[in-house]
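Two complexes follow with chain A in common, the first pairing it with chain B and the second with chain C.
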Partner chain A sequence: MANFTKATGIKDWLDQRLAIDKVEKVMMSEYWIPKNINFLWAMGMVLVITFALLVVSGIFLLMYYVPTVDEAFNSVNYTIMREVDFGWLWRHVHGVAASVVFLIIYIHMFTGIYYGSYKKGREMIWISGMLLFVAFSAEAFSGYMLPWGQMSYWAGMVITNLFAGGSLHADGLVEWIRGDYVPAQAFLGRFFMLHVLLIPLAIMGLIGLHFGALRIPHVNNQEGEEIDFDKEAKKYLDGDKAGSKVMRFANDFMSKDMMVVGVYLVFFFYLVFYNYGFAMDPVNFDPADGLKTPAHIYPEWYFLWSYEILRPFGIDLGLILFAFAQVIFVLLPFLDRSPNAVPANRRGLFAIWFWVMLVNMIVLTAMGKLPPEDPFSTIGFVSAVLFVAQWLALPIITSYEKKV
Partner chain B sequence: MKDNSRRGFMGKAFGAVAGVGAVASLYAMKKSWDPLPSVKAAGFTTLDMSNYEEDVMITEKWRGKPIFVLKKSAKVMKKEEGNPEAEARNIKVGNDNYMIAIGLCTHLGCIPAFRKEEGNFLCACHGGMFDASGLAIKSPPPRGFDIPPFKIDGNKLVLGEVGPEYQAMKDNGVTL
Partner chain C sequence: MKNKEPLILAVVVVFSLIVYYLVEPYAHHVMHKQVESENFVYADLPAITKTGNVANGKELVMGAGACTGCHSIEVAGVAASMDPVSAAGAYGVNPPDLSNAGVVFDAKFLDALIKNPAEALKVSHKFDESKGQMHPMIPFYGAGGDIDQEVADMVAYLQSIAVSQEELTPKMAYENACGRCHAVGYEKWTQIGEKPKFKYEKDSLAFDIKVLEYQDSLKAYMGKLPPDLSMYYRSRGEHFILTLMENPQNHLAGTAMPRVGVSAESAEKVMEHLKDAADPKRQERAEIGMNVMIYIIIFAIFAILWKKQVWRDLH
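Right, the complex of A and B next:
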C-alpha cells in the first residue's frame, strides 16, 4: 500500500494519485529535442492539429449525416449545408483538412527521406508512419463514399474492383467486400462504420505507436549528428543551456512548433473560407447513379501518383505495379543499404535519386489528372517506369555509397 | 517445477479456448459481411425482346448493373461475318440477333458510352473500347464485355437464369 499524506493542494492531491509531475517531465519538460532543426520539424505537430480538426468537424457532421442510400446525399447537401447553423463550416473544414492532411503527410515523408530519419534505430518511426499513411488513405477513401454522389459511387466501384485481382477474377471477394453485386446500402453502411469508428481507432493506436517509436532514438537533426541525449540533457539541467545541443520539448520546442502551426492555420482557414472548391469535386454534387459513369473519373489529387502507375499498363501488370507502389515506401529503411544517416545533399548519387523521385511523383500526379491521351499517357508511362526503376536501383546505388 | 507445469497447463488450456473462440468469431464476422439473402434473391430480370429496335442501344438493369441490349441490323451482322469471336457472342432470339452484355468495362467497371456513328463503345475512365459485338478493341480492358447468365423463353429473355445457350457460351470460354 502506497503512503498517502494529507494533500497540500489540488496539484499535490493529483500528484500523489497520478504522478502528474513525473508524467509532465517524461512527456514534456524532460523530453529532449535537438536544437539543430528547422521548420520542417514542426510537420508532426501540424499533422496532430489537422487530425484534431478532422475529429472535431467529423463529430458535428456525424450528428446529421444519415448513412442510407436514399438519404445520404440530401443529409449532406441539404441538411448539413443549408439547415444546420454553421453546418457548411464543419463540412468545409472536414473536406479541406482531409485534402491538406495529405499535403503535410507528403512533406513530412520527404523531409524524413531527405534527412535520413528512417535509419539507425529510427526504422520503426518510418514503418509506423507508413502504416499511418495507409490508414489515412483508407480513411480518406471511406469518407469519400459517404456523400453518395457520382464520384463516391464510381470511386467505390473502381476501387473495390481492384480486389478482383485482374485475371484472378475474384468477383466473389469483391461482392463480399461490397455486400452486394454493386455498391449499395450494405456497402454504404460498412464504409460508414469503417470511416467513423474502426479506421479512426486504428489511426489513434498508430499515432501512439509512432510517438512511442520516437522515444528511444529521439528526433533526428539537420546534420544527422548522433547526439548523446543523456549527456546533453544533463548539461542542460546543470545550467549550461546554451552549450547543450538539446532543449525541452515543452515549452521550448513547442513554442516554435506552435508558431509554425499558427502560420499553417491562417493558410488552412483561408482555404476553408475562400478556396474550399479544390476539395469538393463538382461531379460529386450529382447523386449516385449506377447506370451512368461520369465522363472522367479520377481520384483526389493525393492518390493521383499511384493511379497513374496503374493506368498506362494492361490490367494485371498495372495491378502488380500499383501494389508495388503502395508497399515499396515501407521498405525504404531496408532498401537503402548505405550506413550514412545524413542529409541527402551529402550522399552523392542518393541526392539525385531523392530529387528525381520527388519531381517524378509530382509529374505522375499531374499526368494522373489529365485525360488518358497523348502526350500525357506517354509521359505518364515513362514516369511510371522511372518510378519502378528508381526503387529497383536504390539498393545498388546506396551500397556503392562512400561512408561520410 | 510443479507450479511451472500447472501454469503451463493453464496457459495451454486458455490458448485452446481462446483459439476456438477466435476462429469462431472470425467465421461469424466473415458471414456478417456476406451479401444478405434478400440481396441475392432479387437477382432476376425478364426482358421482352419484342420491344427493341435495330441499332438502338438500350440499357437495362440487372442486379444493379447496366445490361446493354443492342438489336443488330443486317449491316452489323454482315460486318461480323467471318469473325468467329464476334459470331460466338451473338444471341439469337426468334429471328433477331442481339448483343446482350453486362455494360461494365472489364478493366475496372466503368460504364462505356455507346457511340452511335462509330457503332462502338468508349470507356471514359481509361480509354478502353469495345465493338458492337462486345469485343474489346482497345486496351486496357483484358476481354470483351461479360455476358450475364440468361435463358431464352419464347420471345422473352430471363437474366439470372442459366439456359443452354448461355451454358454453351460459358463452356466455350466466350464469357466468364
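Right, the complex of A and C next:
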C-alpha cells in the first residue's frame, strides 16, 4: 500500500490520491507542441467545442423530444419550437452545429492530408480520426431521422435500402435493420437509441483514442520538420522559451486554440441566429408521409460526395464504388508509399493529386444535390470515375516520389 | 519566416463559400421552378369601369336568389342558413361569410368572381359547364340593368360593410382567404373554426367528429384534403406561398386549388399569420441574437489579447 501522509491542503490531498500534479503535466503543461504551426492546428479544439455544444443542446432537446411516429414531428416543431422557453435556440444550435461540425471535420481531414500528418508513426491518429468520421456520420444520419419529417422518412428509406446489396436482394437484412417493412415506429425507436446513447458513447471513446494516439508521435508541424521533443522541451524548461522549437499545450498553445475558437464562435452564432436555413432542410418541415415521395431526395451536404459516387452507376457497381469511397480514406497511410512526411507543395505529383482530390470532391458534392439530369449526371459520372482513378493511382505516383 | 496564415485562411474561406454556393443557392435555383410575383395586380382581369352605388349594391346582394341565398353576412345581420358541416356537404366547401370580403379580396377579383366564378378562380379546367360540371357558386347573370354597373354596386356595398384595412388582423385575413380549406393545427385552427376549450371530453370529441365530417366533404370536393399550413412558412418559404396564392396554376398546373384573389395588403397579412404559426419566436431570435453576438465578439477580443500576451515570450 502506498504511503499516505497528512495532507497540507486540498491540492496535496488530491495529489496523493489522484496524482493530479502528474496528470496536469502530462495533459497540459508538459505536453509539448511544436511552435511552427498555423491556425489549422486549432481545428481539434474547435471540434471539441462544437461537440460540447452538440451534447449540451442535445441534452436540452432530449427533455422534450418524444420518439414516437405520432408525436415526434410535433414535439420538435410545436413543443420545442413554440412552447418550451428557448427551445428554438437549442434546436437551432443543435442543427447548425451538426452541419458545421462536418465542415470543420473536412478542414481537419484535408489539413492532415496536406501536411502528411498520417505518416511516420501518426497512422493511428489518422485511423482513429477516420473512425470518428464514421461515428459522426452515423450520429448525423440517426439524428436526421428524429424530427420525422419528409426528408427524415425518405432518407431513412433510401439509405436502409442500400443494405439490400443490389442484386443480392438481401431484403431480410433491410427489414431486420428497420424492424418493419418500411420505416415506422420500430425504426424511429432504434435510431433514437443509437443517436442519444450508443453512438455518442462510441464517439466519446474514439475521441479518447484519437487524443491518446497523438501522445507518442506528437503533433505534426507546418514544415514536416522532425523535432527532438525531449531536447527542445529541456531548452524550454531551462528558460529559453523563445529559442525552443516547442511550447506547452497549456497555456501556450491553448491560448491560440482559444483565439481561433473565439473567432469561430462569432461565425457559428452568426449562422445560428441569421443564416440557419442551410442546416434545416425546408422539406423536413413537412411531416413524414409514406404515400408522398418528395420531388428531390438528397442527403445533407456532407454526405453528397459519396452519394454522387453511388448514383451515376448501375445499382451493383454503384454500391461497390460507394463502399470503396467509404473505406478508402482509412487506408490512406498505407496507400501513400512515399517516405516524405512534408507538406504536399514539396511533394511534386502528390501536390497535384491533393488539389485535384479536393476540387473533385467539391464537384461531387455539388452534383450529388443537383437533379440527376444532364449536364449534371455526366459531370457526376466523370467526377466519380476520377475519384476512383485517383485512389488507384496514389500508390503508383507516391512510390516514384523522391526523398526530399 | 513568412506568415502564411492569411493565405491559408483565404483558401479555407473560398473553398467553403464555393461549396455553400453550389449546394444551397445554386442547387435550389436548379431544383425549383422560378415563379415571378405578379404583385397581386390580376392583369388578366378587366378593370372596373363603373362607380358603384352602395345602396343599390345592398339591394342586389340581399335580393332574392342573390348572394345571401348561400352566404352569411354577419355584420349585416344575415345569419348562415346552414352550419359549416352541412354547408360543406351541400357545396363541397363552406361558402364564406361576406362581412369582410370587401377588404380581404381585390375589387377587380370580386367583380370578375361574381360574373364568372370558375374563370376568376382559375378552376375552369375542373368546372366545364358544357360537360355539366357547374361551379357550386352560380354566376350572377344580371338583375335586368347594366350588369357591369350592378356588379360594381355589389362590390361597393361589400367594401362599405367591411372593416378598414388597418382593422383587418393577420388572423382574420387568413381565416377569410384560406381557413375554410386549410387547417393550422399549431394555431388551433380547423376548417370549421378555432377549436374551443371543452370541459368534457365528449364535447371535444364531438367537435373533432364535425371537423372530420367537414373534411370528408372537402376531400371529395378538392380531390384530396388540403394540407395543414402550420409549418408552411418554413417548408415552402415566403416567395412560394405568395406566388401560389396569387395563381396556384403557375406552380401546379391543373391543381384544384382556386386562385385566392386577395389584395396585396391582405396577402401580406396572410403571410404574417403563417409566420406567426411556423416561426413565432422570430422577434425573440433577433433580440437574443444581437446580445449573443455582442457577447461572443467581446469573448473573441479577449481571447486574441490573451494569445498575444502568452505568445510574447515565445518568439
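Here, the second predicted complex is superposed on the first by the 404 of 404 C-alpha atoms of A that agree within 3 Å, B and C clash if a C-alpha of one lies under 4 Å from a C-alpha of the other, contacts with A are read in each partner's own complex, and residues count from 1 in each chain.
Note that contacts are C-beta pairs under 8 Å (C-beta built on N, C-alpha and C of every residue); 3 or more make two chains touch, one makes a residue touch a chain.
On a predicted model such as this, the values are computed, not experimentally measured, just so you know.
Q: Check the residue A:A2 against both partner chains and state whether it touches chain B (first), chain C (second), both, or neither.
A: Once the two structures are laid over each other on A, A:A2 reaches no partner at all.
Q: Let me test your reading of the model: by the given contact rule, A:F273 touches which partner, first (chain B), second (chain C), both or neither?
A: After superposing on A, A:F273 lies in contact with chain C but is clear of chain B.
Q: Under the stated touch criterion, name the partner, chain B or chain C, that contacts more residues in chain A.
A: Counted on chain A, the partner with more touching residues turns out to be C.
Q: Which partner does A:R311 contact after superposing on A: first (chain B), second (chain C), both, neither?
A: first
Q: In the superposed arrangement, which partner chain does A:E175 touch: chain B (first), chain C (second), both, or neither?
A: In the superposition, A:E175 touches chain B alone.
Q: Let me test your reading of the model: by the given contact rule, A:P372 touches which partner, first (chain B), second (chain C), both or neither?
A: In the superposition, A:P372 touches chain B alone.
Q: Return first, second, both or neither, reflecting whether A:A186 touches chain B, chain C, both chains, or no partner chain.
A: first
Q: Per the contact definition in the header, classify A:H296: touching chain B only (first), chain C only (second), both, or neither.
A: A:H296 contacts both chain B and chain C.
Q: Looking at chain A, which of its residues have contacts with both chain B and chain C?
A: Residues 295-296, which sit in both footprints.
Q: Help me check something: in the complex, which residues belonging to chain A touch chain B?
A: 154, 157-158, 161-162, 166-167, 169, 175-182, 184, 186, 190, 290-297, 311, 313-316, 318, 372-373, 377
Q: Over in the complex, which chain B residues touch chain A? Could you list them?
A: Contact set of chain B toward chain A: 33-36, 39, 43, 59, 61, 63-66, 107-113, 123-127, 139-142, 176.
Q: For a test of understanding, state which residues of chain A touch chain C in their complex under the given definition.
A: Per the stated touch rule, the residues are 35-36, 38-40, 77-78, 81-82, 88-89, 92, 103, 107, 222, 241-242, 247, 251-252, 255-256, 258-259, 261-263, 265-266, 269-270, 272-274, 277-278, 280, 282-286, 295-296, 301, 304, 358, 362, 365-366, 369-371, 376.
Q: Sort out for me which residues of chain C touch chain A in the complex.
A: Residues in contact with chain A: 1, 4-5, 8-9, 12, 15-16, 18-20, 22-24, 26-27, 30-31, 186, 230-231, 234-237, 278, 280-281, 284-286, 288-289, 292-293, 296-297, 299-304, 306-307, 309-311, 313-315.
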